[in-house]
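Chain nomenclature is as follows: A, B and C, assigned in order of appearance, with residue numbering initiated at 1 for each chain independently.
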């Protein structure tokens, strides 16, 4: 099958096809395989993939009017390929970034050296909603706060990988990374045999090993649980998946209680002590006595056990101050400060609207920029300048002026594209990349990532709640 | 001054709640101006001790079945010292002083609080310590003591608009105004001995502390318009009542609750000699 | 295992069993309503179908008239009635979804597929499906699920809780069916021995898959006395109270390990009464009284089970 499409407006970098129409080196073998493969075959495989996902119940929850509905995240069977050199940059850049952010988190909850050194304004950290004073002075095993981090990257050129966002709280998507791979190996055994794709199946093992490593001192056979808000959560499938893969209990708040300085799990054989909680519940809901008293998802008394070291949470409470969109601007400085190194991966230019100069620039250039809320997530409530109407821009400007510190802006990025099977043909669609960085005794990334793809033509929004899909990501060995 | 303290905090519920978890901040610690000679705390269940972000000595109480009346009693002996309200730095908290500028629910600013603060801006910038004393006087003068006007849920803004309140409200108003002026401020809950005429006297009390460079934390009691001295026993500090109050908990069932606090303070002359 | 998991699995099985029993009762009512009858068909066939269920009061409040289509709507389609076939399967599938890590992939797939076929069912779709084929399908899915459970599940505590759920629900259901049908059928003594009577009792037996078994055991004409004896005391018949309680008592012994649990004691006691009971004594005491008492004790046993395994609390 021969692929050609007209995307030669020179704006977007296509990861498969070079400007002269030839395929780039990382895709050469895939292209050769595609050349021999009729499109009908791909369509049939896509239907098989859909059936497989539906049968396995790999769904997420979408909230809409009148309650939630279960949906499949669209899966695109065209893999995204990264060369080993490209991967090395991503891997070392993400590890550097997460190590620096963990050191930053330790610092802001202890001596605040970076604030004393004047590298970041104190207010941005200490008055941040995501900064949890409750964690001040708490010593965590290996001084790790974000044990599981997802770093969102975008690509704008052959060597340009930029960090769009850090996710240090409860990043999701790793189950899709792993299930996408399983599905692809089932559907396309031939290309796998030929391409030397690096395996990623060790992720749950590494995660489990890290969770063992952070158990409080004295727990030789730690009991680990995954804590979920329950089956109405959009990522519930992933919580089930991870608990199953690691062979640990999937607990809800009601299954756990605090007594005698420990967390206990209600079991059919009586209470059982819990040492490590991989929690997928936001900080605010973890302990109704300490935080939101309305929360029924959490464990009353949990904070007291965390503070006295009776249980370790992954990720730690208060890690959000490291991925806040206002802190993001300072991450290169954070890397320099703690690591004494230049950042391997660059940030996207970021305008902080709390700053009057930046604010004026942004208000004058709304048409060219993307504006987001500092605390927002999931692509909701953001303004995409080039796609907005005059009215929308005016309304948004009012919101900005009412509370400038709550907003940041970025230039619209020329996100790279990858071939994607849409309707019945291959077409270029914009993608991003989320590798998952695991920290315990050491910091590692399995050679793979979740590639999210904006399925609508021309769309730059890859979020699953906004019509995005996913792809398998193939990292080639040398 | 050697003070003996006996206090009972009780919750009466409509019906016995099923399960409940409480954080208790009822145990004072030794600091520059007070030494804890002896302290015990009693509750109808096992207490687990821990230290919170402010360095407060806390206990967690988990009960499977709560009694219809939950009683927690403390008793102890504390030796206090007059330090002219100056407490210096607090080595037992890792929380940076700058964090005490954070907005907290009981002390959120509104226009009236802004006006109050701005009226003292110049003095406080010029000489923080005497400026804060002025602020304390203003709060004391403008907000009349009235036990019936406010509740434990009243915010600084609400109390200021009423121009009435109790020590908790005075403290919140002063904290809110201080923070508007970029002065770190914290809430103190404790006891106040007022038995100068030889009688025992009873009072839980609340005041505040503000950060003054070179001096550290300095206490201000806007309810009485003085800095804390020997009759004051500090039990817990926090951003506001929510984080420094004596009890905070969650329960299942039980209906409405009524809180009563009984406090008795005795001055022990003899023992002071022996110390 | 987590107490909540045990509870989910236990109720997953109970709800599947409940859906199957609802289909059985309705199938028989439907079949019987095609026959000529002296009394109004509503009273004879559809009212009992509601009385067997858990919540006749709600039906009355929501629908009033006990017509065939109202009964169908309430017991098959009603989203709010927790015991409608629709709700039972939805709940069973939700519980299974919460326990994906504990059940076999095959068990999950059976329940998930069952739910997906049912999710958008309404009155029009049900009538297009065909009422009898639909009931057959529900029964078949339940059989399939139970078979898959026995054939693929690890025989650990999860499995035991699933089994207990099945048998506690089945015992409850058999007792209710017998109680209501007996109540409805027996006063019509003028029909004893007549064709209608034969069909009625035959239908009751069919509703619990006992028609063929009855013939094998008794080789005689169908009498109420014998039907009751078989459904209560005959431990060879898998839907009898005795057979169900034997399963529950044995499984609880396994789960209790060396502990002395109240639920195991109650199950043993209830089973002994059935194992050594005599039908004459039961009738002497009054069948209705006996069955009412059984349903209460079976519920008490279920309550003790939940207390013993599913409500561990503060460290004692």
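Observations on the structure shown:
We take it that contacts are C-beta pairs under 8 Å (C-beta built on N, C-alpha and C of every residue); 3 or more make two chains touch, one makes a residue touch a chain.
Just so it is clear, the structure is predicted and the values come from calculations on it, not from any experiment.
Farthest chain from subunit C (centres taken as the mean of C-alpha atoms): B.
Innermost chain of the displayed assembly, by C-alpha centre distance to the whole-protein C-alpha centre, is A. When the interfaces A-B and A-C are ranked by C-beta pairs in contact, the top one is A-B. The distance from the centre of subunit B to the centre of subunit C, with each centre set as the mean of the Cα atoms, comes to 61 Å.
Mean C-alpha position of subunit A lies 42 Å from that of subunit B. A separation of 47 Å divides the Cα centre of subunit A from that of subunit C. Shared contact sites, meaning residues of subunit C that touch two or more other chains, fall at 313-314. Residue positions of subunit B with contacts to 2 or more other chains are 62.
Residue positions of subunit A touching 2 or more other chains, listed in rising order: 257, 259-260. Listing the residues of subunit B that touch subunit A in their complex gives 20-23, 46, 48, 50-53, 58, 60, 62, 93-96, 98-99, 101-103, 239, 248-250.
Against subunit A, in their complex, subunit C makes its touches with residues 1-6, 94, 97-98, 100-101, 108-109, 112-113, 116, 157, 161, 255, 309-315.
Those residues of subunit A whose C-beta lies close enough to touch subunit C in the complex are 54-55, 57, 231, 240, 243-244, 249-252, 254-255, 257, 259-260, 264-271. Across the complex, subunit A meets subunit B through its residues 109-112, 115, 122-123, 126-127, 131, 133-137, 257-261, 288-290, 293, 300-301, 304-305, 307-308.
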